[in-house]
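One chain, chain A, links the two complexes that follow: it is found with chain B in the first and with chain C in the second.
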Partner chain A sequence: MKFTRSRIFHFVVGIALAVVTFISFSTPMAGSFEDVVNFKMNSGLSKVPVKCTVVRPSFDSIGKKFFGSRDFTGRVMPVSIAGVLPSGEGSTFVADISYDAGHAEYHLEKVVRLDPGMTFPLIPGLGELGRNMLFHVPMSMVAFLAFLMGTINSILYLAKKKSTPEQKMLLDQKARAASAVGLLFTLLSTVTGSIWAKFSWGTFWNWDPREVDIFILLLIYAAYFILRSLLEESEEKKARIAAVYNIIAFASVPLLMFVLPRIAQSLHPGGGGAEAPVINANGKTHTDPTLLGMLWTNVFVFVLLYFWLADLTRRVLGLAEHEEEDI
Partner chain B sequence: MVEFRTRYGVSAVVMFLLVTVAVILFSAPNEQLAPSLMSAFFWIALFFGAMTGLARSFISEEERGTGLLLRLYAPADSVYIGKLVFNVMMMLGLAIAAILFFLFFFTRDFSVQDWPMFLLQLGLGAAGIASVSTILSALIGRAAQKGALLPVIALPVLTPLIIATTDATRITLEHANTWQDIRGDIIILFSFDLVMALFSYVLFEFIWKD
Partner chain C sequence: MEFLESNPLYVVGIIASVIWLGLFTFLLGLDRRVRKLEARK
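Up next is the complex of A and B:
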């Protein structure tokens, strides 16, 4: 097996995708001590995972252990104390913490993970569902990138008048491949979004402004492929007409993806100019730095995935056209 | 242009509009229609009226075989400008016909509270539909199934415009002094029109030449 450049690229993208998927799901979720109190008061949730640091370990009696950062009594099973609980100062662990409002005390219920490294922040109202953000949001971003790349290739196709037919054909194939992958990512974003909606808003589809917009986006790019398949022209003229449609269609994409969702009232964060963890009208982020880091890492890997898929699709289109020429 | 000589093209579209209004009337007899519904019906009638009327602009040239002559005879720019001007005029005429029909048939429910703003957003919306359909009709001039294709590819592209304009129409139907409320919609409509007209003007050359 020869290690060509593209093979190495496939390998790298595959590994990177597997690693970020694993990290996205395996990172333990942890909130803060304030969350424990708020959750107890607002939703009656008794236990919340919190990342704790050992400051002043001291054994009081069997089954109890005191930690200095917040004074809470840990009613832990003796087994977990003896075998698992860290005793070194500065070591970290994630534990389920409950709050006793009567005595204003925190109780350590169960140790979840030792030395967790980074933790996924606990988002009120979302919990474990919040992890979907690491897939749903990058997919939408990459869909936009794909449509942008498709349009750039279409513009180049029309603008480069002096290039050879082969070069022009390559640009056309690139534009089609980018739009096809963009359509795929839009679909994936719709599917992950609607599963998320089912569990946090109750239904798969709510005709929320962003849902309307992504539906229109699907229609626009489905129409692109329908238009191309129905044209009865030479390959060259087909490519030219499709390029013109692609550029015109893209004119409304920024409006759909960036302007309208911020104006309309929405269930999504950021609708109607509301404060939001990741996206809002002011362009400021108040997101947990770990979450932001994970999010951008996933975005980067999905961008790599886009380039891989677009390249593959482009080559398949090229091969299909060669075959037609031979016949 | 050819359409002025074949008057039946225009009258057919006006008839189409009238039939649409009649269907709305029959499907909702004696109903109190809210401004949001009124705005939706108004734009549904206008959109599909436009699709039947404006689709003809380039398709008829191809069907009649006059496209080739036009290509030889006139530069691309003037063909585009001519078609655009005709389509915008036709669209505005259609909009006026739609207002008259709605005022006549829905006297109670279709009561515009803020006429200047209503006409402004209607004009911008109609011009946007006209310019998008002009370029898209040129695109599909020689495609198969062209009758059905124009609404299919025009609706997604026009959606931002339709969302903004139905919203603005609803507000102008609801109350007076609406400038503050519909300013955002007007900005969207205006920029959409401008971008589409510019893009179409630049890109028309590429689809027109053979």
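Up next is the complex of A and C:
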């Protein structure tokens, strides 16, 4: 087997996908000491995982053992412990911490993971469901990129009047391939969002502005392929009509994906002018740096996957068209 | 459903599986198209 550039690329994308999926699941979730108190007050949750750093074990006047644990903010909090600490001073671990409001004391309930490295932030109201962000959000982002690439190729198709028929055919195939992969990612974004909605908001479909907008987008791009298959013109004319439709279709994408969901009241974060937790209108982030790093890594890997899928689809379309010409 | 509500990590697992399944179905569609073209030749 020859190690061609494309084979190495496919190998890297495959490994990267497996690695980011593994990291997305295996990174332990941890909140802060404030979360322990807030969750107890607001949702009655008795214990919350917290990333702890052992600072200095000590005993109080009646011999109760405490260890100091550093918070995300750097403050040292005293935590009572019944048994022996799992590791020495300076070491980190994730432990379920409870809060005794009567004595204003934190207790270590159970050690979840020793030396956890990075931790996934505890998002109020989402908990473990917050990890869906690492899969659902990249789907929408890649869908946007795919539609953008499709439109760029459609514009080039119409603009390059002096190109050879082969060059124009290639641009048309690239536009079709990008739109097909975009449609796939939009569909995956809708389905994954719908499953997430069931467990966060109670039903699979809530007629939320973002849900409706993505569904309209799905219909617009499904119509692109239906229109193309129904045309009984020459290949060249079909490609020209499809390119014009693709450009008009993309005009709705920023409106449906970015503008309308931010204007209308929405169950999604950032709706109705509220500040989005990931990136707000001013381009500033309020997100935990670890979550942001994981999110962008996943987006990057799915973008690589997009280029792989789009190239594969384009090559299949090219083969099919050559075959039809031969017949 | 109750099991999934109390074990939300499985919901994330389902979502990741849906994505993988969608991608593989798409690839399977492409593979079928290539096979058809090969059969015609």
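Everything that follows uses one rule, which is that the second predicted complex is superposed on the first by the 296 of 327 C-alpha atoms of A that agree within 3 Å, B and C clash if a C-alpha of one lies under 4 Å from a C-alpha of the other, contacts with A are read in each partner's own complex, and residues count from 1 in each chain.
In the analysis below, a contact is a pair of C-beta atoms (placed from the backbone, for glycine too) under 8 Å apart; a residue touches a chain by one contact, two chains touch by 3 or more.
Note that the structure is predicted; figures quoted are calculated from it, not measured.
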| item | value |
| --- | --- |
| Partner chain(s) touched by A:Leu230 [first = chain B, second = chain C, both, neither] | first |
| First (chain B), second (chain C), both or neither touched by A:Phe199 | second |
| Touched partner set for A:Val19, first chain B, second chain C, both or neither | neither |
| Which superposed partner A:Leu319 touches (first chain B, second chain C, both, neither) | second |
| Touched partner set for A:Gly127, first chain B, second chain C, both or neither | second |
| Chain A positions touched by chain B in one structure and by chain C in the second | none |
| Residue ranges of chain A touching chain B (in the complex, touch as defined) | 158, 212, 216-217, 219-220, 223, 226-227, 230-233, 237, 240-241, 243-245, 247-249, 251-252, 255-256, 259-260, 263 |
| Chain A - residues contacting chain C, complex | 21, 24-25, 127-129, 131-132, 135-136, 139, 181, 184, 187-188, 191-192, 195-196, 199, 305, 309, 312-313, 316, 319-320, 323 |
| Interfacial residue positions of chain C with respect to chain A in the complex | 4-5, 8-9, 11-16, 18-19, 22-23, 26-27, 30, 33-34, 37, 40-41 |
| Contacting residues of chain B [partner chain A, same complex] | 132, 135-136, 139-140, 142-145, 149, 152-153, 155-157, 159-160, 163, 184, 188, 192, 195-196, 199-200, 203, 206-207, 210 |
